[in-house]
Every structure is written in C-alpha cells, then in structure tokens.
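The data blocks that follow each hold one structure.
Here chain A shows up in two complexes: once beside chain B, once beside chain C.
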Partner chain A sequence: MTDTLNELPPLTQDFELGFTYTRSLGPVLSRFLTGLRDGQVLAARTRAGTLLVPPPEFEPVSGASIKELEPVAAEGTVLSWCWVSQPSSSAPLNKPFAWVLVRFEGCDGAMLHALAADAKEQVHTGMRVRVRWAPERVGNVKDIACFEVHKQ
Partner chain B sequence: MTDIAIVSYAQAPMVRDAGCANEVELIMPVINEALQACGLARTDIDFVCSGSADYLQGAPFAFVAGVDALGAFPPIKESHVEMDAAWALYECYLKMLAGDIDSALIYGFGKSSPGNLPEVLSLQLDPYYLQPLCPDSVSLAALQARAMLDAGRCTREQMNEVVINSRRQAQKNPRAQLRKPVSQEQLQAEVDWIAPLKKSDCCPISDGASALVICRESQAREMGLPYARVVGMDHRIESHMLGFRDLTDSPSARNAAKSAGLHNNIEAAELHAPFSHQEILLRQSLGLSENVDINPSGGALAGNVMMAAGLDRIGSMAAAILRGDYKFGLAHATSGPCLQQNLVTILEAA
Partner chain C sequence: MANHAAVIGVGQVKYQTQRDDVSIAGLVREAAQNALDDAQLEWSDIDAVVIGKAPDMFEGHMMPELYLADALCATNKPILRVHTAGSVGGSTAIVAASHVQSGVFERVLTVAYEKQSESNAMWALSSKQPFATHLNAGAGGFFAPLIREYIQRSNAPAEVGMQVAVKDRLHALRNPLAHLHMPDIDLATVEASPMLWEPLRFLESCPSSDGACAMIIGSERAAAASPKKPAWIRGTAMRSEPTNFAGREQVNPQAGIDCAKDVYRQAGIQNPRKDLDTAEIYVPFSWYEPMWLENLGFCDIGEGWKLTLEGATSLPEGGDIPWNCSGGVLSTNPIGASGMIRFAEAAQQVRGLAGDYQVEGTQLALGHAYGGGAQFFSMWVVGAEKQ
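Up next, the complex of A and B:
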C-alpha cells in the first residue's frame, strides 16, 4: 500500500491569482479605451452639446446616459499639476515628472495623467500639452504613455 | 432631536509604527477603556460596528480578526464598514433613528506601517481611468493644493499657519503623534515633497485604534453619565472623477453640514483635513468664522490613523464638550481622494 502511494505523482493544478475571466467595460468606457488603442481620443457628447473627456457613463449633473462619442484633438491645457521628484516603481514614468489634470481642446472636465518634463520649471498651469502615445497599445488608459509639452 | 448621546470615547496613542502589536492588541485596550469609562457591560450593548481597510493588512476579510477583541460569545450583532469608523458610527446613528437599537459600540483601527500607505490608497480609485496609473494620495492632494493656490483660495503662508496651529493644539493632546512646535520661518525653509506640498503639509502615517459608545439620552441620564448630544449627522459624496469636480470647493461638505444642523453658534470644529490646504478649503466651504476654534485635538496633521481618524474627530469634539470647553461643536470626517466624501456631525452639550 505504502509503495503504491509513493509511486503516484503528487496532485498539482495550475493556479492564477487574479480574475480568470474577461469582462466588457460597457458601452462608453469600452469605446473610449478602444479608441485609445487606435490612437484616437473620443469625447462624450452631452445633451447640452458639451464634450467631456474622459467620457463618463452618465452626465455628471443630469445623470442622463451618455450615448454619443466623437473624436477630438489629442491635445489640451493643464488645469493643475504637481511635481514628483522621486517617482515610485509604480509611477508611469521612471524619472521626475508632473501629474497633470488636462482639459482637452474644446472639452469640459479634465483627465489625470503624467506629463513628461525635464524640470519643474518647465511646467505651469495653462500650458499646452499633447498626448504621447504608447508604442504598443492594448485598450487601456496607459495607451497614453504620458502627455508632453506641445510647442506650437 | 435625535435622542442619541455619546457617552464615552477612547483613543490609543497614535504612533508611526506599533511594532509587533497586531490589530487585536491595538483594539482591545480602547474597547475596554471606552466601556469602563461609561460603565456599560459588553452584554448591555445592542450593536457593534467597526471601520477598517482590509487593504492595509492585504488580506480579504482581515477585519473579522478584529472581532476577537470584542469577545463575541454569547453571539453579538455586529457589522463592519470598509471605511473610516466615522461611517460605522453613521450606520449606528441610522439604526438608532430607525429604532432598531438603543446603544452601540463603534471602533476603528488601522496599522499602516507595514505597507506604503499613499500607494495602497491608489487602489480606492476609479479602476479604469485612474487606478492603472497608480497616482498616490499625496500627489492627488498636491493637485488640489495647486488648484487652491492658483485660484487665490489660499496662500503658502496660510497653509503654514494651519501646520503651526495643529502643532500648537497637539501639545495639549498626549496621544498626538506630531507635537513639536514649528515656526513660519522653519516651514518656509522646508524643501518641497510633492510640490506644491511639503512634508509638513501632509498628515503623518499612523498606527492606532479608537472606540466610542453611544446610547439613548434617557439611559445616560439614568446612569448619571455626562454625555454629548448628537444633533445630527449627514454624509454627501462628490464625483469619483477628479476632473469633473471643482477641487477648490466642497459642496458635499457644505450640504452635509447644512443637513446635519450647522448653525452660527458653533464654537469649535474638528476638521478631518489630512493636508493643510484642505483645512482652509473646509473652513471656507462650511463658512466657519474666524472665531471658531479649529482642531483643538491637533487634527489629522498631528496624527491620522487610517480608518479611525474621522471617528477621532467626532470623539475628540465630544470629549472637548464633556470637559466643558465648548457648548456647540462640529466634527467632520472625510474619505476618498481630495475630500471626495464628507460626513458632518453637529454636537452639543447636554
């Protein structure tokens, strides 16, 4: 009996720590993130006619469902910023950078992301920035690698 | 009238690192102290509710271990919020209003020292637009501080004044973590941390626990217990999308305060402002006059136990009223990035 048990290989099973399923992000976020994968920024069109980036699923004040998305230029203006002089390993950039709230051209709302800059002195509220696309894009907010200074 | 009395509050010393003490060892002394102070036995308590974050321990249902500190036999009625324990008190407040219970024990605890708290807090953000970028809590607060400075809603000197006041008040609080006085000159000379914030503008990372007991006013009177009366509580929330909020204002705090019964006779306010500019923002949003004594305990800048700091604001204000320092007080608790959620409690002397 003991010999038989010793001859049996130990029972093993692969285990992946994480969700073992995929899910849809819904009608709005799914289209926006797919747009990023394709190198395009999509804004939500509200019933009042304004454009919102990043698109929420529902209008912030009225609560109405967002139905229309349309492309806008991948550039905007810095509404607020802070300077990270010692980035952590989880930060989007591995050298000193700014977190920025960016209002896209002609839109309301603002998107949080990183801004690549060589020094704090290069960053100021109201400055123009544009999207720097990630070389490989998968349909995630990190398809925007970061923003960069937009010299006109 | 709500007919709800705060009869007892206990707080462990707030420390940067509680060492090998586990959560149960942090909680048990404050629960015992809070119960002994009001003379209620465990079996007299109708309901227990706690506030903590499993993310600090990194294990699902980690909060259940905290129940060991209660002595849960014979069986008790118990609940938990994955929020600051101020919201555990709010759950008990609603159950009292509904007539479900007549007394409750509330406790909150957090041991943040084993991890990197500012990064752990990025896990509470929107999972699609924000969390993948891992923005830490200090960076998000720094964006808000910049917006305040740009809009002329505060100055660097006013932010320093908040820090100076916190340290001055904390000298009276033996449980505070940061009590060393600082001067305007010292703060001006301090280097930036995540500009425009300096380290002194940020709450410390604290380990600790707190407990609070509420019951009916009639029971408090029968037992001859001094108590602070809860006039009202309310909780309001703003968008989880930071770019769709006015970061220089807090309409949610204002609406919560109005609904909780804010009035012009408030003499002191405990404001849960983990960053210096947020105290200024809250004072403006709540319309508190210059005469209102702000954070007599030292506030969150003197010690900020994750998931107990909001309850500490309410407990500290109740304790100050019980000492006879004030007749009317306001206590505020916050949760989420940049003051996203706000809970306001109005208290008065019985």
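Up next, the complex of A and C:
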C-alpha cells in the first residue's frame, strides 16, 4: 500500500534559543555613560564644530575618531514626538507618555527617549524638556529615567 | 578578461584573548586604519567597503555591517557584507578583489573581524534544533570523527597532529602579532594537554582570539601609485557543497579539490608544491595540515602526513613548502578574520613584508580558508609579479 504525504497534518514544535554575550563600549561611550552615572550629560565635539548627544565613536560625516567630550546642560528641545496612550509592560513609564527626539541645549542631532507628560495636549514640537535622573544610577542610558516638561 | 588587482595595504592588530579596551567598532577601525597607513592612503581615497564576519549569532549583533558603517567611513559609499561561515575572511577578500577586477572601483577596503571574548561561538555553532537530538559538540566535535577517519585511511602515526601543533607555535614566535607565544612548546607539552575531542588535544586546537584584519585592494593604476610593493592577485576561487548528503566525501571534500584546481589554473600553477613558495592554509585543528596537503594537491592521497613529519612545511627546518609561517589559525583565531589573515599573510610574503617569518624570495603564495562543515572554500594566489 502506498503511504501518501497528505493524510496527517505537518508537525511543528516550539523551541527557544538564547545565549549570553558581553559588550565592551570603548573609550567614548564608556565616558558618556559614566557621565550619566555622575549626573552629567557629555556631548561629542566634531571637527566641523558640531556637538552631538549621544556621542558617536566616529564622526558620521568625516569618519574621524571622536577625541573629546564636553558637558552640556541636561535640558533641550523636542524635535518630534509620538504619544503612547496604552504603554506595554516593557515601556519605560507605566502610564501614558510620549516618545520624543530631544535636541540638547546648544547641540546638533537628537536623542530618542521617553517624556513624562500628563496628557497628549501637553506635548508639542519645540517644547522645552529636561532630564529626570534615575534615583540610582549605574552607567547606563537608563540613568536618564525620562525627560520631563521644563517650565521656565 | 578581468582587470588586474593587487593588495596595496595590509592592516592587522595584536591578536589576544580579550580586547576589552575597545568596542567592536574600535577594533575594526584599528585594523582598517593600519591598512590605510600601510598603503599611505586617506579614508577619502576608498571607494567601497566589503566586510565579513562569522554568523551574527556568534556575537549577537544583527547586521553588524550597518552598525560598523561609521567606523569604516562608509558614509555615502557602498558597504557590502559577506557571509560564508569560517571561510568568510577569504571570500570577503575575493568579493573585494572582484569589485576592483570589474573595473568599477579603484580602491576597496576589505575587513573581517571577531571578538571571541564577547561572543558565544561554541554554543551558537551547535544550537538545539527541534525534532533532533542535540549534539553539543562545537567545531572540534564535528571535525574529530573526520580526523579519525583520515588517520585510519592513511595509517598516519599519532604524533603527526602534535608535530603540526608544535610547528605552527614555533612559527608564531616569529610573528609579533600572533596570539599564542609559547617559547617552550614541544611534543611533550602538546601530548600532556587535555584530550578535548579524541584524537584532538587542547594544544592541537586553535585559541579563541579577539582581532581584525584589513586590506586595501587597488587597481593596476592604484598599485602603480602605491609606495610599497603590491601583491598581485593572480587567481581567486570559491566552491561550496552541502554539509551532509549520502556519500559525501567529508575527509577530502570535492569542493576543496575543485577550488584548488580552479585557482591553480588561473595562476598557471601545475605543481603546487614546486610552483608555490609558501602557503597560508586554514588549519584550526592540527590534523587538517596533512588533510589539506592532500586535498590541495601538494602530494598524493595518503601522503600528506609524510610531508609534515619530514619538515617540508616547517620554516625553521628549511622545508621546501613552508605552511603557515605566521603561526596560522592554531596560533591566532578571531574566527571571522582568520580566513582574511591567511589571505593577507600570503600577500605580505610576496610583498616581502613578512618580517622574521619571511620566506626569502617568495614569488607565489596561496591563501586558503574553509568553513562550515568543511563545505565552503575560498582561495587566492598572489604573486610578486603581475602575470
């Protein structure tokens, strides 16, 4: 008798794959995150004179190595935003918030982070925000707990 | 007919167990900068970047070529990533060479790397799969049965593998960049090391290294303008076959035989042992020296181990065909880079820049890499003369 291949449903099986790794950050990013631990925002000065937060290891335009970082104020301006009305369990804040692109004071470029706000109506492009530091800081981008509205 | 292409710059790093002072980007950058310095070029002289590394799962970086574009000054340039398992360093160099041979690019930067200290190569190589028993073996566990089969077929004495392990580590003492420097290495030390995968001992296996290797490949015009002697690319070849199929010849893979024949034909090589002056061959486990001596046609089948025992492949013993004068994969193994190191070291030999491990008067050298279950092969022949 011939065994046909369509008498049974095809088999499937779940499987989980995971490994442990290490990351070394090198001098530039290590200094930047150590700065955050100490409550300081550090920007990269490029050859063209621009200031970038977060700092890259190598200049995106010229390709030169970043040689120096300098402190900037822990506040800036929202360039763009997106309101999250139903945060998932992995979101940085457990109530509705905004993802924002923040340009630090006097800098070029922008950093993506969360903004704590009471309502969507509070958020707009060009608004002023400042860093809300995490209560315990370890040298991680999460040392910036989030940004908050900065009323001057 | 392809255009001529040549290696006009080589850059490496000091290979070691751990480079925790730099990120992966910093490591790759260091090798690339050294290659540019060797060629006396600036980043702006580079027209395209070809990068290679082992599987993404080894270090857990998805598409590292994207993350590394800044470090390699690839902004507004083509960047292409090559992936052929352990042979990737070789095939990456070949893809870079073809960029130039096509006539489209003048100077191409090619780089390959691995940071084994931060990776999980051992288990990423032998991950569990559904519907299958889990062979928790790693590379050594995969190749050991093939080596046992070789020994059985060829009646090779047990010390052959250990002799390769000693020979390549003695070569490494001449190479300041080699990872392992073991001045007291001898057969007794190798024999006393733990048996990992019978018949492979710990010291018959490659180390885990951090490192990167880069080359600048240039056109005929770029080579003419280059301050140092170029290594002319006289032939390139790649071949592959599936890991397993009924009747596959795994000890002496057909893909390796065919790849060698192809590259020899391009370079006008009739007798590799006689026509080549030296070779950098991918030998991550000691016994692969005699196995590849046969596969690559340096001798008849079953005779490879005799060349090893006679010292034919040893530089200090004055062998006629020294293999892995840099110390080889047995002395330095940043996996993704290991193939490119073979290709680059072959180039350094024909450029006369191999320092204390220079084979005097080298005119033609073979660079070789293999990967997967000995199923991907890449090879090039480089020469001191254009043709």
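The rule is simple: the second predicted complex is superposed on the first by the 128 of 152 C-alpha atoms of A that agree within 3 Å, B and C clash if a C-alpha of one lies under 4 Å from a C-alpha of the other, contacts with A are read in each partner's own complex, and residues count from 1 in each chain.
The rule is simple: a contact is a pair of C-beta atoms (placed from the backbone, for glycine too) under 8 Å apart; a residue touches a chain by one contact, two chains touch by 3 or more.
Since the model is a prediction, treat every value here as computed from it, not as a measurement.
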| item | value |
| --- | --- |
| Residues of chain A touched, compared between chain B and chain C (which is higher) | B |
| Chain B versus chain C as contact partner of A:V131, first or second or both or neither | neither |
| Partner chain in contact with A:W81 - chain B first, chain C second, else both or neither | first |
| First, second, both or neither for A:P54, with chain B first and chain C second | first |
| Contacts of A:F19 with chain B and chain C, given as first, second, both or neither | second |
| Contacts of A:L29 with chain B and chain C, given as first, second, both or neither | both |
| Contact residues of chain A, present in both the chain B and the chain C interface | 25, 29, 56, 60 |
| Parts of chain C lying in touch with chain A, wherever the complex brings them together | 19-26, 29, 43, 57, 59-60, 70-73, 75, 115, 117-120, 123-124, 127-131 |
| Residue numbers on chain A that touch chain C, as the complex places them | 11, 13-15, 17, 19-27, 29, 56-63, 65 |
| Sites on chain B touched by chain A in the complex | 116, 119, 122, 128-130, 132-136, 139-140, 142-147, 150, 192, 194-197, 239, 241-244, 247 |
| Chain B-touching residues of chain A, taken from the complex the two chains share | 25, 29, 33, 52, 54, 56, 60, 79-85, 88, 90-92, 99, 101, 103, 109-114, 120, 125, 140-142 |
